[in-house]
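Shared between the two complexes below is chain A, which has chain B as its partner in the first and chain C in the second.
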Partner chain A sequence: MNRLLSGLFWISLCLILAFITLPLLVVVAASLSPSSTVTFSPADWTMKWYAALWASKWLDPFILSAKIAVIVSLVSGVLGALGAYAIAYEKCPGSEAIMAFLLSPLAVPQIVKGVAIVIFLSSAGLYALLGTPGLIAAHIVLTLPFAARMIATSIYNFDKNLDRAAQILGASKWQRIRHVLLPLIKPGVFSGMTFAFIISFNNIPLSVFLVRPGQTTLPITVINYMEYSLDPVLAAVNVASLIFILATIFLFEKLGGFSAQIHGGSK
Partner chain B sequence: MTIVATDSPAAPARRAFTLRGYVPLFPPFAVLLLFFAVPIGMMIGISVQDPKTSQFSMASYQRFLTDGLIIAGLFRTILMSGLVAICVTVMAYPVAYFLARSTSRWRAVVFALAIAPELAGVVLRTYGWLIILEDRGFVNDALIWLGFVSSPLPLAKNLFGVVVGLTHVVLPFGILALLTSIQGIDPNIEKAAQILGASRLSVIRHILLPLSIPGIVSSLLISFTMAASAYATPALLGGARFKVLATMIFEQIMFYINWPMAAVMAIVLLVLMLAITFAGGRVETRLHKKLNI
Partner chain C sequence: MNDIDIELICVRKTYGNNLVVNDINLAIPKGEFVSLLGPSGCGKTTTLNMIAGFQEPTGGEIRIRGRNQAGVPPEKRNIGLVFQNYALFPHMTVAENVGFGLKMKGTPRAEIEQTVRTALKSVHLEGLEARYPKELSGGQQQRTALARAIAPRPSVLLLDEPLSNLDLKLREAMRVELKEIQQQLGMTFVYVTHDQEEAMAMSDRVVVMSGGVITQEDKPEHIYNAPRTSFVADFIGKSNIFAVSLRPAADDRQEIVINGSSIALAIAADQPKVATAKFCCIRPEDVRVVGNDVSAKDANVLDGTICKTVNLGAHLDLWIAVDRDIMIKALVRSSRSNQLKVGNPVSISIAPAAIRLLAE
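Then we have the complex of A and B:
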């Protein structure tokens, strides 16, 4: 009986892991297959779908998405740090209510935020903001709570005695923020910014309302294309953007060194 | 305890707290007010306007409650999200248990496999499921080749396809929710029961499952809310016939240009989310009290 149960456990674990990885493997194989029939034999594989990506049809949306994601991650990082600073460092009165307000967008489904923003921009006569500016604003609203929460956590975890030591030694407030607080919470700020970048780059439910012709992000371009064709070029687009995201995470990690924090090893 | 004295330099700073402390909050608050709070308020305002004359009217709410197609969409949303919540929790449990208890070097591999798909985004995974499940896809090709079926099974563009796709999208969150809960259970309780002669099955039934109920509840909750508000997966894997609230909202905005109706649907979705999160939160706190965690 016990044998049977543990056998069942291992089999179900393997099946579930297979379920998780299957679509990813299929997409990678599809991006390398010569025709729309997916093949898993490396001998037949070709890079022609990746070569097809070098056209403005795919490059323009990619550049737009990357541009938006960079701006969104920078702005969310700065705004999130300001909010987290007031709440977690200054501990201003009412900080719990303030944090609740900063996190409130999380309680609202993205599609609802999308409807609200598109109604707002259209009925407030801000049509001009539809497209890139609207996308940036909407993505900031979406990612700011994550950034604020991550940065607030790292400020809470930061050793206040170091700050006191600097104060006793005569450091001004600005000096303490600049030379004590910021270097120590840098991993938190960078993980918040990385999060914002990924969420913005992959976003669909908000972007779908705000794109306009000529200003369409990559995921929206892909789903519009998917409506009528499942061309392997889509597989190549998806794999290429996944590689781009992994490269960005790697870059952010090099700059901010947040992996220690994610593994729970913050000192 | 002379160390206490060193606390004093920080004390004046705290006493001297002034309104200046609120200044850094201004930029994030301004952004959230302008692009979140005001738009949500406007959406609620528009929901009580007549679609044509912009006069005050509850017509869209009335239509929501009486239009059979919309009610069907609401029930489809609830059915789909309920199924996803159950599938995710059932599938996440063994993975979370393994991650909570294993000390082998495979743990890191399994953790990476469980979480990594989240980086890939919804489009890639939905595309993957489409080429697996569509009529001329992978599974159907294999089934026909093996002779199990003569014509392709309808695996995509229906409830089945959407539930598979969403389960895949939400699974990592279910795993994390259950992992936190199972990690909080003392493994010695399981060992003690085993030493006292309990079979593996009764350890699961009488110890593991009851103690991990808070984790199960939070996994069900997060899966339900994520599934109910998902847009891309139902839109792509559900096809034209399988409409849920999220895709119907999009149609109202983009095709029918009926803002009041879209606003009403969005408000219903929002209220559904908040109600479930609130009810689930109540259940969770009660369970935590009962289990003394």
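Then we have the complex of A and C:
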């Protein structure tokens, strides 16, 4: 019986992994194919679509998206950590309600949110903010709840006895935050920032309302390009962004060590 | 040498209507090893937390080194605390953990290193400086926590059931070691525990608490030999406790009658006078099982039947029924287990001096 269950477990696990990764393999193959039809013969493979990416048509949106994602991730990390500290550590009045409120943006469709932000900015006369500043602000609104909740979770898991131990050893409040709390919730902060980065970098539904012509983010550029042509350069863009995101996750992991969350926080 | 390190004056703590600590008075001289002993919920941990400053007393005053501590936060009290779960910083090595207190005070690095080395040496942890807490055994974590608490040289060290997570062998070894460390450092130790053996083994003075008040405070041997209440007699060691009444006997002496029976026992003349004695306490090791050869000089001889025996290795626990409802526990050497079988009739003798009267 147990053997049957574990067999079923492994089979379903493999199926799920295949379902996730196989489409990616097709995209990779497509990005290497010489023509619009996807070929799987390595002899014919070409790097010309990747070479085509090295043009301002693709590079500018990539740089804009990366810039926005970095800012959004940093701001979400800092604001999220401050908010989570007030909510989860100091248990400020109404902390439960704020925590619940932080979930609410997840319940509003992003399209609705995008429209709302555009209407708000234009009716307030803030046309100057449409475009990149608006994009950054809108992305932060979207990612902050994720970051705050992740950091709050790591603060809830923080053993308050450690704070008391530091306190009785003579550490002031600031020293306790700096030397005990922050190092121990660092993995939570970095995983929150990673989420913010990925959500911002890949975002379409919010960005589509806020980009300015000539200043589009990478996903929006891809969408626009798709309206007129469907060639393997799109596959190459996707593979390139995938590699970029994986590299970012790897970098954040190195800095923050979220895997440390799994084995106790000391590496 | 009458320096008082910690003084509690009429300290009380209430949570809502719940009175947890009720007007405690206690003075702990410098360099003394004091145990706060009691069952869970007796207020001992609350008392410790108030000394540490994590909880403010509802009433009364706490003085450390003569100074009132009202409003002084824990980080300014300059005392050490060893936590029950050790509370080691998981992201720091053993050396960083032990040096933490000094680092926070801005001590120069070379001095920290020197002090950490000394502290680790005194708890026998040399060579583990670079390990992380999760790479240590329970006993090593315990020693690290101790080294961390003593490294900044506080004058007072509070210990909150520090040995309760260790296995028996280690716990017994650590008792001896803790006492040695305390004597070497000349530090005042306030040790909270529910384990009476621990308290007896290490303390200069045991403070027995129950229901938020101090029931008795005395040297360990006095607590054991001269408990003042039936709670203390029952909590510290094993004892036979009976509700009794006093009555005059021949030669101007007094004897006691165990309530609800006809058993009368002579008591020693020099027994401290307890005018309103309600209970008596007899330690099991003071109950002499004389078998069948009773001699005339044996006092307080009672006949009974063995109901139950428990072999404790070196000793044998006997439950002896001497009257319908009166059961007396006795402790004898287990070498006698051949003669003392369940169902055997035996005679026991209790020396009058071994019977202690209790007022409550």
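General observations
Everything that follows uses one rule, which is that the second predicted complex is superposed on the first by the 238 of 267 C-alpha atoms of A that agree within 3 Å, B and C clash if a C-alpha of one lies under 4 Å from a C-alpha of the other, contacts with A are read in each partner's own complex, and residues count from 1 in each chain.
One rule holds in what follows: a contact is a pair of C-beta atoms (placed from the backbone, for glycine too) under 8 Å apart; a residue touches a chain by one contact, two chains touch by 3 or more.
Being a predicted model, the structure only gives us computed values, none of them experimental.
In the superposed pair of complexes, A:Val180 makes contact with chain C only, with no contact to chain B. Look at A:Gln167: by the touch rule set out above, it reaches both chain B and chain C.
Once the two complexes are laid over each other on the shared chain, residue contacts for A:Glu90 go to chain B alone; chain C is not touched. In the superposition on chain A, A:Ala240 makes contact with neither chain B nor chain C.
Legend: residue contacts after superposition of the two complexes on their common chain; A:Asp159 is shown touching chain C, with no touch to chain B. Applying the stated contact rule after C-alpha superposition, one finds that A:Leu53 touches neither chain B nor chain C.
In the superposed model, A:Leu103 lies in contact with neither chain B nor chain C.
Of the two partner chains, neither chain B nor chain C is touched by A:Leu74.
When the two complexes are overlaid on their common chain A, residue A:Leu126 makes contact with neither chain B nor chain C. Of the two partners chain B and chain C, more chain A residues are in touch with B. Within chain A, the residues touching chain B in one complex and chain C in the other are 164, 167-168. Interface residues of chain A facing chain C in the complex, by the touch rule stated above, are 159, 161-162, 164-172, 175, 179-180, 183-184, 263-266. Residues 6-7, 9-10, 13-14, 17, 21-25, 27-29, 31-32, 34-36, 38-40, 42-43, 46, 91, 94-95, 97-98, 110, 113-114, 117, 119-132, 134, 138, 168, 171, 199-201, 204, 225, 228-232, 235-236, 246, 249-250, 253-254, 259, 262-263, 266-267, 269-270, 273-274, 277 of chain B touch chain A in their complex. Taken in their complex, chain A has these residues touching chain B: 1-2, 5-6, 9, 12-13, 16-17, 19-24, 26-27, 30, 38, 78-80, 82-83, 85-86, 90-93, 98, 101-102, 104-105, 107-113, 115-120, 122-124, 137-138, 140-141, 144, 148, 160, 163-164, 167-168, 198, 201-202, 204-205, 208-209, 219, 222-223, 226, 230, 234-235, 238-239, 241-242, 245-246, 249. Those residues of chain C that touch chain A in the complex are listed here as 52-54, 73-81, 83, 85, 87-92, 100-101, 104-105, 132-134, 148-149, 152.
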